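Next come two complexes, and both contain chain A; in the first it sits with chain B, in the second with chain C.
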Partner chain A sequence: MGTDSAHTVKSYEQELTRLRALMTRMGGIVESQVAQAIAAVTEQDEQAAQAAPAQDAQVDALEREVETLSIRLLALRGPMASDLREIVAALKITGDLERIGDYASSIARRSRKFDLIDGNISLSGLSAMGRLVQDNLRRAIDAISQQDADRALEVWNSDREVDEYYTAMFRALVTYMMEDPRKITTCTHLLFIAKNLERIGDHATNIAERVYYAVTGATLPALRPRGGAALSDPDEVQLP
Partner chain B sequence: MGTDSAHTVKSYEQELTRLRALMTRMGGIVESQVAQAIAAVTEQDEQAAQAAPAQDAQVDALEREVETLSIRLLALRGPMASDLREIVAALKITGDLERIGDYASSIARRSRKFDLIDGNISLSGLSAMGRLVQDNLRRAIDAISQQDADRALEVWNSDREVDEYYTAMFRALVTYMMEDPRKITTCTHLLFIAKNLERIGDHATNIAERVYYAVTGATLPALRPRGGAALSDPDEVQLP
Partner chain C sequence: MSAVVSLLAAALIPGGACGIFGWWLGRRGKPVEPRAALPSLLVSIPRARPEALVELLPVAAVLLRSEGGLSHANRAARMQFGESLGAVIRHPGVHAALERLAAEESIATTLELDVPVRRVVLASFQLVPAELFPPGEGENAEAHVLVILDDRSDAEAVDRMRADFVAHASHELRTPLASLVGFIETLRGPAADDPVAQQQFLAIMAAQAGRMQRLIDRLLYLSRVQRLEHTRPKSVVSVSDVVDRLMDETTFLMRDADASLTFPFSDEGIFFLGDEDQIVQVLLNLVENAVKYGGPGVDVTISLTVDADVLRFLIEDNGPGIEARHIPRLTERFYRIESHGTAQVSGTGLGLSIVKHIVDRHGGKLVIRSSVGRGTQCEVSLPLPG
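For the complex of A and B:
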């Protein structure tokens, strides 16, 4: 009986470790998809444009694997307290990761649909926004792997900056279009790319909130109503 | 002991019933947000434009309530098989519902940012797309309430039609912009509104997939890779 119980505990720990490894792997792939998507746009890197969508199936498979393992853990191990919160968070976080991968693929596919019209459209804002979103995502994924509430809080605090970049880009792109209708197609694609980056930032923040709750048992204040009517809401932007 | 056990079973059933009621309520609010968002745009209904975002906080609160109740059920009741799948599905589905409400609010807020320039921009495509997305969402939410796999399958099968509407609208709006740069601001907002409707349709399909799995234990074939490289992927649209 003692042996049996020790065996059960060992397998339980192994299964939790495996759940964390799956999350880290899924996060790593999604992170590389976002890097590829940004390279596809800002460096017009054709190989990266093809590489990001090619990883979608693997991300979907990992989401299902996490779900299967979580259900197994819930059914057979009866996890409690922080373990239970971690498993529930994993189920939610994989949804955010899957969406991030989806947005990255969408950006990568779009990057092949336009050209930059003799360099007359500046991508420096997009590059800066891309770097910030990548940083936030990396920290969010580190926070998952290390169950690190402080790291999660850092991500949560910098979402506003992502929104500011987005608002500035939105204005700039619409101004480009008005000045030169030949740029409409390219700028329309860039508008959606900027929006997708902003959404990736949003999902990184969702992940940060979930890690924070899983680790501490406390929720972050509702200062950042998701898509809510906050003053900084990027949809509140007034176009030229 | 017999009484105790009967009592436990009764509370368990009551809690599952409460979980379903919370999901139905959350679904109902999100459904009304989408209806308001569409009215805000197609009928320029100012009251509806304000009503949709006003419900965001309630949707967020319901998501948290479902999570708390689910964790309670998982920790104290040790649900098995289809009950366990239903609870896990509820945790995932609230994420989709929250995003749908978020998109609806975004549409509603945007509706106040543009005018239709003397009726020179037709919204008939958007109205038709809106009706289809609303139908799909209603059926997806019915599928949750009634745990109805057939209903879920209907939703899953009509996502392609939503994508076709979106692609057609996208082309039409870019053409409008090219023909008359004064329409750029309005059409840019309408592009995002169309995209948000398409995303709402996507999330309704996600919900359908989850209900199908919770009820049957079987996954739908991966014919519809989410945001993947399917031929019908709306991001593959070639602009004029």
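For the complex of A and C:
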């Protein structure tokens, strides 16, 4: 009997460890997709532009694996308290990660559709925004793998900066378009890219909220700190 | 690589107690610091776990479980990679290497990271057989993978800096250079016999040349900072030394600008790991900005708070403030706020970028808060040695 229950506890623990490992791995791939997407845009890196969408299948497969394992754990182990929260959070977090991967692929694909050379448009804003989003994502995934509520709170609080960045990019790009209609095509693509980055930031925040809930059992306020000139929706930016 | 593994194997004496050396990354996360007790424990325990030996390696090394989870990261790895360690280990390149890894061979692969600082790491993988890991109660022995992490960011950074420097220098220097060329042509031609105009033009030319010089100095400084960005500073710096130097260096600035600097500070003997010159530079840049953009008569206050593991410098001014839309972009290179008719201030557009890179290097954070009409607050937080 003693040996049996030890064994049960052991393999349950192993399955939880495996769940965490899968999540971390998925996070790592998504992180690299985002890095590639940003390199594809800001450095016009063709190879990176192809590499990011190529990893989609792997992310999808991992998402399914996490789902299967989570459901299995829920069904067979009857987890309680923090374990239960962690497993439910994992189910939701994989969804967020998968969306982030999709946005990254879409940015990478878009990077090949426009030409910057004759546009004479500065990309330094976009690449700085990209770094900010990458850093938030990195910390969100650190929070998952270390089950660290403080880290999660940090990410949750800094999404405001991403929103403000998006607003700033929006203004700058619209100004470019008004100056010179020949820049409209390129700027429109860049605007979508900025929007996608902003969405990636939102999903990183969602992940942070879920990790916070899984670790502490408490939920963060429904309204998170928003940037972008205190607008409820960053798209409501006034045109310059 | 194989030498490392045989070192591990040779030092494992069978039998006896084990497990004290597991400052593993526990399932709730944070690594427990090994502290100085390590060498004496090693002697007193008849059987050492591989983690203990990995801990002693002079190179950055981590032990991974076969499915990729972190089992142990040694001191060198924690020092060198700090915050980035998690991102290094979950890099897809690591997983790919683990899948290909067989007992007989070792694999090396290059991992690239963008955040928090740009890094290029050469990772070498070696399988460590299960026999070396005495299983805990009710566990099966599990093979681990030893990964040696060699930070190659330096060489890559040099290339990148060179490219960046050329791009930025050519872009930013073109305008002042064009105006210099224009004035030289005028001096040789139409103004050749007009001493009054000559003096006027020479004054403008001197100002432009001065601007170019400042810009080049700043660019060089920035590229030096960026080159060092991925090596955490290791020297012990006293906060009071930093403050003394800052006060010395700002005396003239304050007098010329009719500004005042207050620093309610009592020396409590606070020390942190850092690069003193760079930290002084950070504070100096922030104070200079406050004075430069704050207008005449601005009051600048620096305060210092110490929490359990964070040191915070707060530089506050009562100047005109910055609009929210500019704030996130302030640390971008060459980002300048177009001034609306008021005093035209000439900056290089590199100051805050330098600040950001230095703070990143120290594993710290820069937060800028501002409200128009009320003033600006810059907060630099630096981690204290735990």
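By our rule, the second predicted complex is superposed on the first by the 229 of 240 C-alpha atoms of A that agree within 3 Å, B and C clash if a C-alpha of one lies under 4 Å from a C-alpha of the other, contacts with A are read in each partner's own complex, and residues count from 1 in each chain.
The rule we apply is simple: contacts are C-beta pairs under 8 Å (C-beta built on N, C-alpha and C of every residue); 3 or more make two chains touch, one makes a residue touch a chain.
All figures in this text were calculated on a predicted structure; none of them were measured in a lab.
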Discussion item. I'd like to know which partner A:Ala128 touches here: chain B for first, chain C for second, both or neither.
Written reply: second
Practice prompt. Please work out whether A:Asp142 is in contact with chain B alone, chain C alone, both, or neither, and reply first, second, both or neither.
Written response: second
Discussion item. With both complexes overlaid on chain A, does A:Ser32 touch chain B (first), chain C (second), both or neither?
Written reply: second
Item to complete: With the two complexes superposed on chain A, say which partner A:Glu67 touches: chain B (first), chain C (second), both, or neither.
Response: first
Discussion item. Output check: A:Arg171 vs chain B and chain C. Expected answer is one of first, second, both, neither. What do you get?
Written reply: second
Practice prompt. Could you tell me if A:Ile207 is touching chain B, chain C, both of them or neither one (first, second, both, neither)?
Written response: neither
Worksheet entry | Overlap of the chain B and chain C footprints on chain A, listed as residue numbers | 227, 229
Worksheet, complete the sentence: Note: in the complex, chain C contacts chain A through residues 25, 27-30, 65, 67-69, 83, 86-87, 90-92, 94-95, 112-116, 137-139, 324-329, 331-335
Practice prompt. State the interface residues of chain A toward chain C in the complex, per the touch definition above.
Written response: 3, 6-7, 10, 16-18, 20-21, 24-25, 27-29, 31-32, 35, 38, 55, 124-125, 128-129, 131-132, 134-135, 138, 141-142, 145-148, 161, 164-165, 167-168, 171, 227, 229
Fill in: Residues of chain B defined as touching chain A within the complex
53, 56-57, 60, 64, 67, 70-71, 74-75, 78, 80, 84-85, 88, 91-92, 95-96, 98, 102-103, 105-106, 109-110, 113-114, 174, 177-178, 181, 184-185, 188-189, 191-192, 195, 219, 222, 225-229, 233, 235-236, 238-240
